[in-house]
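Read the structure below first, then the notes.
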Amino acid sequence: MTLVGPGTAPEVAATTLETEPAAAASGFVVELDAFTGPLDLLLHLLREEQIDIADIPIARIADQFLKAIHVLGLNQAADYLDMASRLVRLKAQMLLPRGAVGDDWEDPRAELVRRLLEYQQIKEIALWMADSAERRAVKFPRGYLPPPPEQPPPPLTLDLLDLLAAVERVIAGILHPVLHRVVARPLNVEGATLRIQALLTDRAEISWAEAIGPTPTIVDVLSTLLAILELARRGGAYVFQQGAFGPVVISREPPRSAD
Amino acid sequence: MNPLVQLIEAALFAAPRPVTVEELQMLDPDVSLAEVRQALDQLREHYDFDGHGVEVTEMAGGFQIVSRPAFAAAIERAQLNTKPARLSAAMLETLATIAYRQPVGRAEIEEIRGVSAAGVLRTLQERGLIEVVGRSEALGRPLLYGTTPLFLELLGLPDLTNLPRAEELSIALQPVKAQDDRDADSAAAYVEAES
Amino acid sequence: MNPLVQLIEAALFAAPRPVTVEELQMLDPDVSLAEVRQALDQLREHYDFDGHGVEVTEMAGGFQIVSRPAFAAAIERAQLNTKPARLSAAMLETLATIAYRQPVGRAEIEEIRGVSAAGVLRTLQERGLIEVVGRSEALGRPLLYGTTPLFLELLGLPDLTNLPRAEELSIALQPVKAQDDRDADSAAAYVEAES
């Protein structure tokens, strides 16, 4: 698991994050496969530097991390960039003055430390599993399997309770997303516009109640509101109130000044 | 058993096909064909003498260890060499969907369950629990599935009307359709989606 | 070997997978579970005492006869069988996460490993090592994964309790408090979106 290719590495300008095809060409992408993710790379860096996870010198490690992902090539490494930005943010937080009293200061590294410890444990289990699988792999099960007997098909077990439990799972699993309830546009803004224009041809001004009609549905209300706003925007109508909380008046002409 | 006999036993056991004496010889470069034959005889005698449930037989030009025929009937009865007969959760859920929605096409099943159903449908068909009952009029005329008499038989039901009716089941299993929208909820959803 | 031991040996030889004690009991209606277990012990002792090339091992909830590890290299050399391909580090880490957190959703797996998991999950599912075991209540109702019996078989474990316990690991298991809170938040968001 060497991080760094022959010759090049540590001097590469580390703070820029552009993807360098040059890195890919020199075979570092293959090296990226040596790590299963940004946490893995981070753990590797800490191990190399013999750093205690509980007390990470964030500034130094952040720089090294950036350097490493730059050298390794970032073509398919969105996850690494995500971690890099977290580290940079942490680095900035660590630079902030802690204030005089250190008591209620919460170490910004705590979350990262927790994740690293947790991940380290997963890696330990994974190693144990690899060992177990290896020990198991050298015990062959029977290679030759006699052809299954011709007729009696296996007795299936199926009972109603199992089926009903499955029904419940299916129902529970059916997505009732808000998405599906957003329906095709039922508003009739054009119709409302025509209606208001017709009313305004007959009369100089109408009230809001007249505009929405005698038994409006919520859709009528919304359609009319949108129609009025649109008319007002185009200068086809004027909307005003005589006073605060007064009735809204929709008018053909601009309101005369309130003299 | 001496080491060569053990090795040959392990190899015959692990090999997926009858193994020839020549192949067995490749297990150990220091061993002659005659020694392999001798070891095979010893293994065979050991099985016979100790009264094992298995024996060495010669078949298709090679050797194999097989269960003794005397036990075949019991093993078949216990169905040990067939797949486990319990339905998986995925199979049960697909079966439930078909039972309550039949005749129903694969696309609809997948929409309801949110996962691909091709493999599960094939397995359920092989197990004889569902069958193709027709074709939809929809584009591509997809196959429609329904449950079989075996399905009812396994549940011990005389016919499909005996499936528990629970109204909410049939409602919940309706495909989500555009609802009539003369209510505040939907209008609110509309405004939210627009913004 | 007595007739029951012979029968069980024959049955284990004929089965393509680990066989449970209950399944073995079905071989003979007159036999108790205790007698089956006793016969299994006798068979195991017999193989050990006589120095056979195979052994009885307990895994994935059942019993299976397997060849002894010492002979694996020779069997591979003679091309009579091959070891299964090793799992990649990414697959092992994902399996480890699922084994300990199951049922667990993709988001949590990705949070713990710090990388996207879609591809690995699909591969593990295709290899039959994990399966969908349900859906979370959280926003979007994501699928939840769990390990399969084949996973235990791959590791040669009798059951999930044979995985190392937290205390046995050099790093103690951290409770994931933050995660629970986040789930609660998502659930609240979901309810809100519904109303």
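Order as written gives the chain letters A, B and C; numbering starts at 1 within each chain.
As a working rule, a contact is a pair of C-beta atoms (placed from the backbone, for glycine too) under 8 Å apart; a residue touches a chain by one contact, two chains touch by 3 or more.
Here the structure is a predicted model, which is why all the values come from computation and not from measurement.
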Worksheet item: Which chain has the mean of its C-alpha atoms lying nearest to the mean of all protein C-alpha atoms shown?
Response: C
Item to complete: Please flag the chain sitting at the greatest distance from chain B, going by CA centroids.
Response: A
Fill in: Mean-CA-position distance for chain B and chain A (Å)
37
Discussion item. On a C-alpha centroid basis, what's the spacing between chain B and chain C, in Å?
Written reply: 18
Worksheet, complete the sentence: Note: chain C sits from chain A at a C-alpha centroid distance in Å of 32
Discussion item. Two-or-more-chain contact residues of chain C, please, as numbers and ranges.
Written reply: 13-14, 16, 65, 67-68, 75, 80-81, 134
Worksheet, complete the sentence: So chain A residues touching two or more other chains come to 140-143, 145-146, 169, 173, 175-176, 178
Item to complete: Over in the complex, which chain C residues touch chain B? Could you list them?
Response: 1, 5-11, 13-16, 19, 23-24, 26-28, 46, 50-54, 65, 67-68, 71, 74-75, 77-81, 131-134, 143
Worksheet item: Which residues, counting only chain C, touch chain A once they are in their complex?
Response: 13-14, 16-17, 55, 57, 59, 64-69, 72, 75, 80-81, 83-84, 86-87, 89-90, 92-93, 95-97, 99-100, 112-116, 134-135, 140-141, 153-157, 163-164, 169-174, 176, 178, 193-194
Worksheet entry | Residues of chain A touching chain B in the complex | 140-146, 148-149, 152-160, 162-167, 169-171, 173-176, 178, 180-187, 217-219, 222
Worksheet item: Can you list the residues on chain A that touch chain C in the complex?
Response: 36-40, 78-79, 82-83, 111, 114-115, 117-130, 132-143, 145-146, 169, 172-173, 175-178
